[in-house]
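Across the two complexes that follow, subunit A remains constant while its partner is subunit B and subsequently subunit C.
The block that comes next holds the complex of A and B.
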């Protein structure tokens, strides 16, 4: 059992709570987040019946934020998972094989990196979400899929380049040369010797990427191209903006959830990386 | 000899990246399942759409369209924005937006660097002590707060509750310096907090490494003061990573400040991209994204050139890299 510091325990606890909301949020005894409490508009924090208050539509903030957790965290995990998988496969192979494939891959990564993340995500969302019938609204589940796809594409070059860099530094080590001289197949060398060594670095970056994606989703929602109708943290922030003079808590609640989640993932990413550095130092 | 071929190669790489970015955006437009001419001219007659299609080259296939767009772009014709009353030139929009973005970027960098450098030097000098822990931990917490959250909090407290600063709009420098800064203070603070945390961490790590070098021991044994060693002998070689990161973030600030620009209505280049996308002005989007990529590539080149001047030792290293 490794010894964790207090902030690390907090990060685990908070992320655990968020995962609980994602998986079992629907079991909690709430009315749906979009249920309108007509007599309780803009109730403040810690009022009876509404622990986190309500917004100007009469939506209960606690129910909203739990529903928002589900979409925000789902988008983050799905796009980091997909982007990490595709990015690391591309990065590891191009660094291991070198030569022309590597040159092409690096160029593709650089192309992706030369447009600011949010601009790329915006462009992808707008293209992917265009309906054949322009006037028809895009349903929420399709919005979520479009966001996951766009953010995955944005993440591939970022994570791919890190996987490539890590692979480069391991592929030149003696044990890889030894394995090759023993006649081990390339695929087996990659699986047995490269992947286990590259993985910790990738996990550290994946934690940071989750934070980046959560913020990106919120930014897109603030710009009005994310999840409409406020079913995500970003959507809640976007709605709270209209009301910040009279009911700032509508803004604070999703902001606090978002910030604590990002702090937790960033912290865990740091913990993994510092474990990794100390291991590197021993080698 | 080696250096000239290195620069030519580097320039070639960047040019390839630029061409591929613009071609990629161009291809992306072809993926839209709707006829582009219909989107640009929703109420026009079929004849007008046919004219538009030939004018923009939509009828020529992906490569023909791209070449025509590229030819126009290189000559400074960035295309038009179409709306029900007529058209506007994208280049006019960019002419208005570019100075705003550039000023926003310059102020943000100045503020971020002038806070991050002293903090980084201090926390490296006192590494592991209380001052370092306080700085590092509070910056870590700040780094997790997205810039739009800082922007919204500033609006609530400084803009609405205290009513010290206007929350929306922009005033050019011609309207007076104070008037100009009144509109710039909050956007600049929101953008620089994230950069301060990144810069301080980078500088701290590099300076701690540089402090272990032999020439530092040498300088200390010669009897130089700590202050002189830190600022004259350690800061300069440690600032290469910092300067690289600063230059790269400039490219990002030109187009990447979309959310801040739209929250404060400082309509810069990022907002132009967003407006083009939201208004389905895909030609304008293509040209604006190309301009942003151009800036990114330019600042990349600046990094390559300037890191050789900051630390001459890297010149030979980069050739081999």
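The block that comes next holds the complex of A and C.
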């Protein structure tokens, strides 16, 4: 059993709780998050029946924030997973093959990176997530898919460059030449020697990317292009802003959830990276 | 030292490897080309150890890799066991390479840090599907015993848990796994402590005798070369200066560069006067080598002829070939 510090255990615990909300949140004995408690508008924290209070619409904050976890975490994991997969495949191949393919790929990555993330995501969402008939609302699932897609596109060059850099340094090692002189095929060299060595660096960055994506999704919601019915953390923050003066908990509850989650993923990213560094130092 | 020519090739049927007119170029930018190896020929006879010496950057490693077609040379031919490797289709080359294995300079970087010793040595056997699981395990144990490692102690450990010398032993075991006919050792001991160097050299010699290997041994350490080789080839800026048996070469170098190299070997005796003739300056850039003899810019005996004409390899004493217009008398 590896030894972890207290903050690391806390990060594990918090992310475990979030994961529990994502997977089993629907089993908790809540009414649907959008159920309106007409007699309990804007009650504060720890009031009877509403541990985290309610907001100005009469929604229970705990039920909302658990429902929001599902959307925020799903978007983060899906886009980091997809972006990481596509990005690392592109990065590893271009670095391994070098030559023209690599030049083209680096140019594409650089163009992607030169556009500010939020602007790119904003443009993609507003183009892709609109209906032909402007009077008809865009279904939530489609908004979620478009969000995932645009955040994936933003992530591909970031993670792709990490994968490419790591591959460049590993592919130059002599054990790769040795494998080739033994008659190993390139495809197998990539699978057996490159991918396992590149993976730790990618995982470390992926943890950081999860935090970045959660914040990006919240920013988009606050800018009004997130999930329309305000079900994600960002959406809740956007709605809570208006009540800041009278019922600050409506803003702070989702904010604390978001902050703790991002801090936890960043911390775990650092832990993975430092584990990796000590390994590297030994090599 | 422009060392073109093929006078030193022995053209016998015993030659395991014959390289003719090898050229390896690297394109740095649109109009800058580095000729790391230019028009170089050599042969290695069965059971022989050919040492390639020269200072850093003269193309020794590039030459070794060109023999293995990693990357293939830009021109020239590499005939191994009667087949020209440069002409082989990719799939045949893959299997042909297995009879030539390479030992690298950096013992740690030549082993994947994520793999255990068992996986490392099993790797070549697995690629070529040599025998059943049990047979392969048996073979791995034999190989480890051959190189002086205790299988039970090392099998499940990873490369970073070993010292440089032990890593080099693992590399040798791995290289021998496919029963190669030729071993290309690229500075196999230069990263090791002097006390370990002798052990690894003895091990290589032992393996060579036991399995009848032919060897190419690259080094910049003339003392090491003297101990292991049957024939020495001195390189400078991608060309051959001199080829001879080590006894001849060390006693009576014919090329001014060889002489300078020998003079630069440190002597473990502080009271003895060092040879005064040491080389001045740096080797010229391989991007823009001097005309004629490539060594003339640093050679005491250089004349107008040297700038004009590239010297060809010729036999000065039996078995000693030198590419110089004015060989050392």
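Going forward, the second predicted complex is superposed on the first by the 283 of 283 C-alpha atoms of A that agree within 3 Å, B and C clash if a C-alpha of one lies under 4 Å from a C-alpha of the other, contacts with A are read in each partner's own complex, and residues count from 1 in each chain.
As a convention for this text, contacts are C-beta pairs under 8 Å (C-beta built on N, C-alpha and C of every residue); 3 or more make two chains touch, one makes a residue touch a chain.
Note that the coordinates shown come from a computational prediction; the quantities given were computed from them, not determined experimentally.
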Overlay on subunit A: subunit C relative to subunit B, clash or fit: fit
Larger contact residue set on subunit A - subunit B or subunit C: B
Subunit B versus subunit C as contact partner of A:184, first or second or both or neither: second
Touched partner set for A:197, first subunit B, second subunit C, both or neither: second
Subunit B versus subunit C as contact partner of A:173, first or second or both or neither: second
Inter-chain angle, subunit B to subunit C through the CA centre of subunit A, in degrees rounded to a multiple of 10: 80
Partner chain(s) touched by A:273 [first = subunit B, second = subunit C, both, neither]: neither
Lowest inter-chain C-alpha distance for subunit C and subunit B in the superposed arrangement, angstrom: 10
Of all residues in subunit C, those that touch subunit A in their complex: 65, 68, 70, 94-95, 97-98, 100-102, 104-106, 108-114, 123-124, 127-128, 159-160, 171, 174, 178
Of all residues in subunit A, those that touch subunit C in their complex: 173-175, 177-185, 188, 192-193, 196-197, 279, 282-283
Residue ranges of subunit B touching subunit A (in the complex, touch as defined): 13, 16-18, 20-21, 24-25, 28-29, 31-34, 38-39, 42, 140-141, 143-146, 148-149, 152-153, 155-156, 160, 251-252, 254-256, 258-259, 262-263, 270, 273-274, 277-278, 280, 285, 289, 292-293, 296-297, 300
Interfacial residue positions of subunit A with respect to subunit B in the complex: 107-108, 110-111, 114-119, 122-124, 126-127, 130-132, 134, 211, 215, 218-219, 222-225, 237, 241, 244-245, 248, 251, 255, 258-259, 262-263, 266-267, 270
